[in-house]
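Each structure below appears as structure tokens.
Shared chain: chain A. Partners: chain B in the first complex, chain C in the second.
Coming up: the complex of A and B.
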């Protein structure tokens, strides 16, 4: 196997090839008009051929691997799976996670009393998810996180909790990589 | 206080070092051959002589300045070490020259007389470390503003330090004392130098201008419509990438490398991770290397689609821009399916990649790439032979290849001038030596050639991806070393030892042995290189990114000098400046 050096093809100087240049204009018009007519027909017969998605009426289907905002996994008993070990806090490059741990008499003794994510700092990199030893913080498919105030960019534990059933796609993606 | 423990015990033998030592026996103080990087520490007084010698000697021919930077060894005397990375386009070998300068008088001779491209690099080093380069023609700050206090990459500069605000009533225009003797304000244009004794007109293009993508300011002095002088100013997107990397673990810098070149983020990921792996001395498994090549070539395609599309847009050809952005969107769908994000991919990990390909990826990739290339055909039919497009592109922005090399220009811009320098071919890394692809070269080096080279590279990237999908071996995608790559989650969930490994790796990071390495890889715009210095801890002591946009933008002023102001736009576009990469 080898690489090869090739010289790029260059069109001849315009002065020597007026015919070809004129033909190029015709070709260009043909291409643009072909696209135009095809899109117009698609519009008329209600089968759009255009690429644009009419958000929010239409939405794209995200792939399984998609990384939206990080959320906390809520177990079936309504509690978070997080044990407040603080690894995501360590791994976060932008220090956007704040955790205050506490203890209860439940089967899982430790839980986060406070779990805040500052989404104005978060860059959706997913390192928290990779660091988590409990599969408690997972990147969701949610990207619509606009708020009206700066205070609203800080998401608290109650806002972040999402039932396992709603995180299926990302968890499916993660489980593929668990047995490496 | 970290002392870089290079293996200097036995003086290493290497043809380059032997040649250097034969000529400068007393001035080469220390040589090393750490991880294959040839490095020589020389006496600062003789820097210019050594530089001239390594450039002109037929066995060395280091004609391209890759990078100039410094390392601050706070507490050691002499404190600073100025580092020059050189490349030979003839012999395709590398050399690192180092010279130490003391803290009380941090000055060293400028190498701009030898390599003209050292100009901006030395300005950056002055800006970041306060090292004065004597004999430099134009030693102004390049990224930061005049009123900025201190030099941010010095180790004693706290990351949280606040800076004075600038604006009305601030100290702008005042002398800022001995610390910054050089002002970034330009002198007014000479009067009466234009046609028929008219005054030159000064026009500011940018920082935010519809004809420039990315924030860059160009101050042009016009005589009529002809550009007499141009000063290109960068740094409006500077965000302290290197300082940020030094304050986090090695793995925490990977998302930041996404933000260097945001249109081909994976190539930056690959470059950074390869540098850390070289520092660690590990080799990634073959499947991982193939995945990196596939993802990287997708990113290269996305970058070229955007580069050509934006050029067309800024020359008023809106239709091909739409076709090409649609192509890029199709490529990004694939990137999205692999790593979960279109732009900020964060795909590559130290010693592996974050995820394997999704099921059915090969069919998806073939379908989407075929569709994208079909749209590229359409865009090409509209653009390549169009008389308006040709009139704006042909014969514009060309400077001789020797000059481009001396400026440190690389990538498609250099190849368009006919210089055969593609690191995938010259110094094959990953699995590029097993692949079959063409490296396109131009003949005249003008903007048309740069455009045509990118067109061919797009199709070659598609060819590389096709080959990789066919050759993809089975096997692990990560190195099997819990001190470098965290173990699989099923083990972490169930077993104590792996859980401890996970905790240790997250809270301490991987710890490369002390040393320094440089890795250059071919990104979409040229060589992206990472120079890492490790002191044995989990955080890089120095993380330097050498980015192609920076070195490619430097000769822009030279390229447009004497041309019409309308020629500025296609030249700027074909250089394909990416603000995040240029300003870091």
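Coming up: the complex of A and C.
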């Protein structure tokens, strides 16, 4: 098979020069300083022109579709909605949920004796919420889960329970999802 | 009949009330099929098969009939799936998903019946979930002959229940939970324990008596959660006894021995494996040299596999020990599955040659000899000696013994008197073969690996052989079964491939003879 030589056009690489370098530094610094001065003036006259949240003092309100850490819904009688069916444990891609079921004399005969979420493994994907047949585990707005020890990353049932009254918006959001 | 023939040929026809080992009931109407020449649909379970029959199982008429049956079953079936133990292996779930319609049309409330009814020492009944297939009723009538369960009332008011004064307490009661297609009958032991989709299934053999029922070990996270019978028409059909099914707590027990114990200054202390092997080998070698093996007595465990028995036999041969026997605990038996010998592999031990030789003595005599001082080292495997032997005699023997080696799963009373305790493994962690009372060799598979790579009994014997004799020894069950086949005449030609999942029977009348 005959080979053929083809010439290809390529742009020449830019020539390095001190002049170009200096010009790039000047334009870059001009943009930075422009923002700095504008923010400084805005701060002084109390009319900030930029979007900066002063975190510990100020907090954002997240949209209802936001997925923070998963929590357990606590019914009005103080018990969990969860019946320990294990579907979230099965759906969890990171295996961060551990459930040990047990039996009670209540009408709902089954409850989780142990419900642990290892938040160092949880990736806030929301598949547990999607799998739950009882709307018992939902994604909350809480993302502040930093702890001092590894043991503290495991949240137990008592830590995870949140009263249903505080989760109304998320539950509404879920119900809207069913209608679609 | 049509249904079993179809199933044997790989054509699945959905069914509830039909079971291969029970009589035909024809009550569920789920297996309806279209047969050419018949004006109406017919149930496959009760239609005799004939030459030239043309059967269709997926026509629109059949599908409509199935959908109708499922809709009627679901009219009263509660939506308990999230808390039902059967969810995941429930035939009603599976068939509704595959053949049912997604929407129910019923507006009536579901009928209220008794849930969580205590019907026996090992079983509970949920009457709402029952679909009235009557499998359990026929089981109690035909297999156990105890007639505990019955369907009361008629038509829409039909309800499964026990007779008032007769709890479901027969020895095979949990089998009704296996054959229940829904979660109406549940075993108390597995109730609310684990969702079935987490379980991994390993085919194995029940270790609780010499019948050797075929089972699957359902395990998850290095724990056994339940044992289920596995069909083997030559041994246990589809059933197993309650005692065997519930006898697995020792596998999960946190009290199990994990490291060898050696007696120092009168107390048992944990030691390294190497030290344990070296100590055992020293004592065995010394006494074997001094007495030509006659000063050693060996008690084999009937719970070990054939391969392990063979290594033990080789070990005793190297030491030229003539005094060897198997201690087996015996109990009650029935004429069905429960056998008197409460250990899986006593027959295998005797076949391989773990019985008193021509110049050796058997069990009670061995303890006599130990009490009189002519046997100074005893090597005891398994817990059965403590449970079967005369305690006085055993106590006297323990006092006179120079060295006692005990190999057991737990720190048993006998182990407390030992000079060296070697922890052994349970059947769930082993690969090997068992020979049942009728001489059927069946295969055990490892459900999960032992904790910390703890050696099996066979590996312990092999390590001792390495200490006591020349040559390279390894413990690989496949090649040891080949060695057994070459050494024991009755086991000639055996291999793991030949044993398979259903086991293989030894030649009739052959009690293995090794010299």
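As a working rule, the second predicted complex is superposed on the first by the 139 of 180 C-alpha atoms of A that agree within 3 Å, B and C clash if a C-alpha of one lies under 4 Å from a C-alpha of the other, contacts with A are read in each partner's own complex, and residues count from 1 in each chain.
The working rule: a residue touches a chain if its C-beta (ideal position, glycine included) is under 8 Å from a C-beta of that chain, and two chains touch if they have at least 3 such contacts.
Since we're looking at a predicted model, the values are computed, not measured.
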item: First, second, both or neither for A:45, with chain B first and chain C second; value: neither
item: Contacts of A:26 with chain B and chain C, given as first, second, both or neither; value: neither
item: Touching partner for A:146 - first (chain B), second (chain C), both, neither; value: neither
item: First (chain B), second (chain C), both or neither touched by A:90; value: both
item: Partner chain(s) touched by A:109 [first = chain B, second = chain C, both, neither]; value: second
item: First, second, both or neither for A:133, with chain B first and chain C second; value: both
item: Partner chain(s) touched by A:101 [first = chain B, second = chain C, both, neither]; value: second
item: First (chain B), second (chain C), both or neither touched by A:6; value: first
item: If touched residues of chain A are counted for chain B and for chain C, the larger one; value: B
item: Chain B and chain C footprints on chain A, overlapping residues; value: 85, 87, 90, 133-134
item: Residues of chain C touching chain A in the complex; value: 81-83, 87, 115-116, 191-195, 197-198
item: Of chain A, residues touching chain B in the complex; value: 1-11, 14, 20-21, 23-25, 27-28, 31-32, 35, 51, 62-67, 85, 87, 90-91, 93, 123-127, 130-131, 133-135, 139, 173-174, 176-180
item: Residue ranges of chain A touching chain C (in the complex, touch as defined); value: 83-87, 89-90, 101-103, 108-110, 133-134
item: Chain A partner contacts - residues on chain B that touch it in the complex; value: 248, 251-256, 258, 319, 323, 326, 329, 336-341, 344, 346, 354-356, 358, 378, 381-387, 390-391, 416, 420, 422, 424-425, 432-444, 448-449, 452-453, 455-456, 476-478, 486, 488-490, 492-493, 499, 502-503, 506-507
